[in-house]
Amino acid sequence: MLLRVINPNTTASMTAVIAASARAAAGPGVRVEAITAPMGPASIESHYDEALAVPGVLAAVAEGERDGADGYVLACFGDPGLDAARELATGPVIGIAEAAMHAATLVGRGFSVVTTLDRTRGRARDLAARYVAADACRGVHACDIPVLDLENDPSVRMRVVALGRAALEQDGSEVIVLGCAGMADLGAAVSAELGVPVIDGVAAGVALAEALVRIGAPTSKRGEYATPPAKPYVGRLRAFGT
Amino acid sequence: MLLRVINPNTTASMTAVIAASARAAAGPGVRVEAITAPMGPASIESHYDEALAVPGVLAAVAEGERDGADGYVLACFGDPGLDAARELATGPVIGIAEAAMHAATLVGRGFSVVTTLDRTRGRARDLAARYVAADACRGVHACDIPVLDLENDPSVRMRVVALGRAALEQDGSEVIVLGCAGMADLGAAVSAELGVPVIDGVAAGVALAEALVRIGAPTSKRGEYATPPAKPYVGRLRAFGT
Amino acid sequence: MLLRVINPNTTASMTAVIAASARAAAGPGVRVEAITAPMGPASIESHYDEALAVPGVLAAVAEGERDGADGYVLACFGDPGLDAARELATGPVIGIAEAAMHAATLVGRGFSVVTTLDRTRGRARDLAARYVAADACRGVHACDIPVLDLENDPSVRMRVVALGRAALEQDGSEVIVLGCAGMADLGAAVSAELGVPVIDGVAAGVALAEALVRIGAPTSKRGEYATPPAKPYVGRLRAFGT
Amino acid sequence: MLLRVINPNTTASMTAVIAASARAAAGPGVRVEAITAPMGPASIESHYDEALAVPGVLAAVAEGERDGADGYVLACFGDPGLDAARELATGPVIGIAEAAMHAATLVGRGFSVVTTLDRTRGRARDLAARYVAADACRGVHACDIPVLDLENDPSVRMRVVALGRAALEQDGSEVIVLGCAGMADLGAAVSAELGVPVIDGVAAGVALAEALVRIGAPTSKRGEYATPPAKPYVGRLRAFGT
Amino acid sequence: MLLRVINPNTTASMTAVIAASARAAAGPGVRVEAITAPMGPASIESHYDEALAVPGVLAAVAEGERDGADGYVLACFGDPGLDAARELATGPVIGIAEAAMHAATLVGRGFSVVTTLDRTRGRARDLAARYVAADACRGVHACDIPVLDLENDPSVRMRVVALGRAALEQDGSEVIVLGCAGMADLGAAVSAELGVPVIDGVAAGVALAEALVRIGAPTSKRGEYATPPAKPYVGRLRAFGT
Amino acid sequence: MLLRVINPNTTASMTAVIAASARAAAGPGVRVEAITAPMGPASIESHYDEALAVPGVLAAVAEGERDGADGYVLACFGDPGLDAARELATGPVIGIAEAAMHAATLVGRGFSVVTTLDRTRGRARDLAARYVAADACRGVHACDIPVLDLENDPSVRMRVVALGRAALEQDGSEVIVLGCAGMADLGAAVSAELGVPVIDGVAAGVALAEALVRIGAPTSKRGEYATPPAKPYVGRLRAFGT
């Protein structure tokens, strides 16, 4: 089984963090390949960045289809381009916010999200409203660390632990969801300190994608996720047309 | 007052239809400029098309900011790039699905959407869930006409009328919302035949944008729609970075 | 275009405040007439007052129809008699809570309401549940100033600013909605101090009513808002029958 | 225990039907007095009628307070003036739509409402949204019989039975709620024919009001239902002021 | 009329507290019999206890049917076995959480629940979501007293009062619901101290069951609550089969 | 990794069907053991059966904990005893309705459930409301085949296919969820005929449980799923106490 894990931003060092977490979550016989988006922003910290990360994600999925990938994980917590990627893909496509939120609801009654910047909290709430039942997501909390600082700032773990502890208390939640692919290496350590399950979406995404492939559940091609109709594209995006 | 109406697809003849409807809806002293997206798909009929229409929309908004536009209307019923456009804009930005759905709830208890392709119905439902109260959108119906055929097919009006009539009956609704910018020229005729208000989002979008500018309600720059942080972009989208 | 703005309470000095805000919001060629309710309470501060303000509102709308009004604004934040007024009117009828809440969702992700008395907070929440999507209204806050004191108390603006600032912080909101027609003159000043859009429902109501008239969207007469069946009335309300 | 059952319309023959059903539902030691509204419409078939029935309801409640009533039932399925009446009353005030819907959810998973005119269906849905959990009310069906014809038209029972049977099937519901006080005498017969519980709101309202009085649960005077502040009223409604 | 009030736990002294409250709530001519569950846990403080209390509840309902009971009250705030009991019963079956929450919404706009252990708060929220409209239950608060300590601990009343007072303030609620059958004797005293209605579910359950029996509303046998199909059972539960 | 799959009913031949589907879904290195409930009903076709299946489920989970099981799947579509089982278990516990519904939302926008008896449709809807976002479950359809006939009736597959096809059309859904563990062997064949993903909850449950174990996500022991407090039990259920 071949799973492609796509880093929607264009920073290769972050792809490396993602790849490590992804590989650790895969079962025997699963090949995981991590891909950096071929175009777009260095990090995703606004609706603007997220929207402009989508072309890179779609180019990577199109390439994956040519290479015979069995499933995909989109490794940014905004799940950029998820619906469009599903139109292109034959197998399952999982966003890491989606994966983490679903997994969290399977091991506790309510979860809190710990994310990076305050301005992205709305997006996390929107995704929760789409993915899970109404009261599952009890709160979204920002640690105010820019995405690309996650890998260099030695205080990150400590701040995520402190924010997670406060969130459990304040929200009455039972599980922590890490709200950024750049936190993928923190799950086990934070869980050990807080004494609750801490879900990293990259690991959850790989494990769920593998699960869907194994039970023979591809993306439905009936209705909304059917292959897009062919048509001309113009300008810088000409290559995306047919 | 200068309002920019952006056609997110790259078909100029459709921009002309949009421009006519937009100008008819503007009050005295309002200048309406209709812009065709500078890159992307010829029409928007899938999540894939919609996602790839967003860079063109954002380029047009960025240009509008340089030109001093007071507000924007995004003239595709999927409201592509609305959140990201708001981050770029100083004044209000209105999507035509958003405008039409809000307007519809002001003149009746429930509305039905008449749109083009079956596969886009999910997107319309998602937008209704975001924009209006839970029971306002009573149904979304597709007339199965590709977007670019709207302007050439002489049977369009008849089919929209028939579908609208059936929708009013089946949904128990009181207002019809036209679910495609390419239907912008049909509103008055369909309303005359059905005897209920028929809302064209282009007209509604222009009138609402004008209303917001007049009452001094710009896009809030606190929180989610603050200006995006500057950062490098790579590849085909390099020009969107800073 | 003739718009009638109806003050549902019977205090003429408050009608004057409303009229000033209403006229400032109207475009060229729009005549705005502000009317004081011909019967009912001096101010509206309870369900009891609100219910008993409705006959006056309906009398004013009936008069408007005789005078050829193109649209109406009901200038009390409880939107008293909105559904019944729509049954009487040919053109659009907009409540100021409705107008302000719709406008607020077009310029930010979440709004807070700043209103007068604590006991009216439930009504504001009920209206939000009817008008806008579930998470748009993030909080309703009372400044504990009786309605008729708004015009005399020099500390009002300061208290509204302070309450608004606290609401933005506590609710994580991005827009302030003024929850009383008697605050119609405060919008610009409060917005300047808080740095976010502040929506006065009177201005929003006039601008939206004008927008609906311009795009040819009258109240739907199919279904719930059809003209009421004629019938006898008795007692003090005899004049409302036919 | 003294319960006042208020007929919000001004048709005394309908008060007689209501009184019979109300008395049959009261336990030993409960005195039930049925009152015809002292002003307003002959029947309630629109938002306009309903709004203008409220002053009569409030006059009757004020009189009830002077007479020492222990509780009230508002015997029109639109529950006109319920919130305002609670502000005036010391004891519990129950609307018959409220009573019937609550009772229905206690004896089945989902109910259907059988009401009079199509145009009142929206009001019934609004009340269901306020009173009961989201999926309890499975449908609202109109038999297209004007309110005052209910007592004269010998085909009413047959038509209610037929509509109820179709509703059970179509909605997958398990209980029928009668959607008009004028149907109060039909409950037992319709239930016998359909083989499911059929809830008449007048009976349910009396039984629930009695239950609340017996367990010592008056209307809460904390917050929204506190006694309204005193103030002057003018015009025809002068007598409602203080 | 014979009502059976079933204490789902196996502690007879708690049945005595329940019986006293139940009898006080019954009208003239109603015989109330309180039954201790014949098997299961001494108290119910977890999902595990609650699930294992259900066989005892069902045995008691089966016995009640043989004895001709007209209705049932399940006197544990988790309403254990409510759906299954309704399948067995001819008359109405009311859970005390259900009864209390319904009653609370009839006398105020929002209620707070004061319960025993923190871990049972999720169950109370689940029940509120099932029984009442979305914003009726404003908060669930735990006083951290084990169920069986309620009858011995002299500080209970004081702690419930303090918690209730804080809940009214924090939740903006207007009514208190007592979240444990073991608090059935506290209602009047707590209400006197807080000045708001305080609903004891045992009293509310008896009064509502009596109301339903009196208006002729049995459990619907159409659909979900039809008599269960006969079949063999094995092991310790053999006696529950047929 | 050891996963215990518990058949909550007491029919061993159905356990065999479940075991086959479960083993086919497990990855390399995962040992799957299928267990028949040691007490309770031969099949689960009512709330009564379901409630009385729970003691057997809990006995099996307690045994699994003694045997060092890493995770559990509850193989009945009503997910009987899920919350209580989580209190007992260290690792994850997944119900098959839960697993199937989550998996379905990952491969399509809306799913339809095809189940056995009409009377169980309400339970399926309740579970959907708890597990997934509001519009994910588009319909629940019954093929009217008793559970234990599934294995003997040669027409089952044909009827499930026909019902599934109608459901896709009527509900506008994109995925089919099989609503009974006894249908576990039908997934692939039905999917081949309908051309959409068909989710068998047993396979989905095993794959998800394995995924959660692999990413280190046990049941949270903070809050609602903490180990139940020890206490005495009496009667037939004495052995469940401590």
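All chains are identified by letter, namely A, B, C, D, E and F, in their written order; residue positions are counted from 1 within each chain.
We take it that a residue touches a chain if its C-beta (ideal position, glycine included) is under 8 Å from a C-beta of that chain, and two chains touch if they have at least 3 such contacts.
Just so we're on the same page, UniProt names per chain: A, B, C, D, E, F = Hydantoin racemase.
Fair warning: this is a prediction, and the values are worked out from it, not measured in the lab.
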item	value
Starting at chain B (Hydantoin racemase), fewest touch steps before arriving at chain F (Hydantoin racemase)	1
Chain whose average C-alpha position is farthest from chain E (Hydantoin racemase)'s own	B
Same-interface partner of D-E, chosen from the options A-F, B-F or B-D, over half of the pairs matching	A-F
Of all other chains, the one whose Cα centre sits farthest from chain C (Hydantoin racemase)	F
Mean-CA-position distance for chain F (Hydantoin racemase) and chain C (Hydantoin racemase) (Å)	52
Rounded Å distance, chain B (Hydantoin racemase) centre to chain C (Hydantoin racemase) centre (Cα mean)	27
Touching two or more other chains - residues of chain F (Hydantoin racemase)	109, 121-122, 129-130, 172, 223-224
In contact (per the touch rule at the top): chain pairs	A-B, A-C, A-E, A-F, B-C, B-D, B-F, C-D, C-E, D-E, D-F, E-F
Interfacial residue positions of chain D (Hydantoin racemase) with respect to chain B (Hydantoin racemase) in the complex	121-122, 125, 129
Contacting residues of chain C (Hydantoin racemase) [partner chain A (Hydantoin racemase), same complex]	109-110, 135, 172
Chain F (Hydantoin racemase) contact footprint on chain A (Hydantoin racemase) (complex, rising order)	25, 27-29, 92, 94, 98, 102-103, 105-109, 129-134, 168, 172-175, 187-188, 191, 195-197, 199-200, 203-204, 207-208, 210-212, 214-225
Residue ranges of chain F (Hydantoin racemase) touching chain E (Hydantoin racemase) (in the complex, touch as defined)	10, 38-43, 45-52, 54-56, 58, 81, 83-84, 86-88, 118-119, 121-123, 126, 130, 146, 223-224, 226, 228-229, 231-241
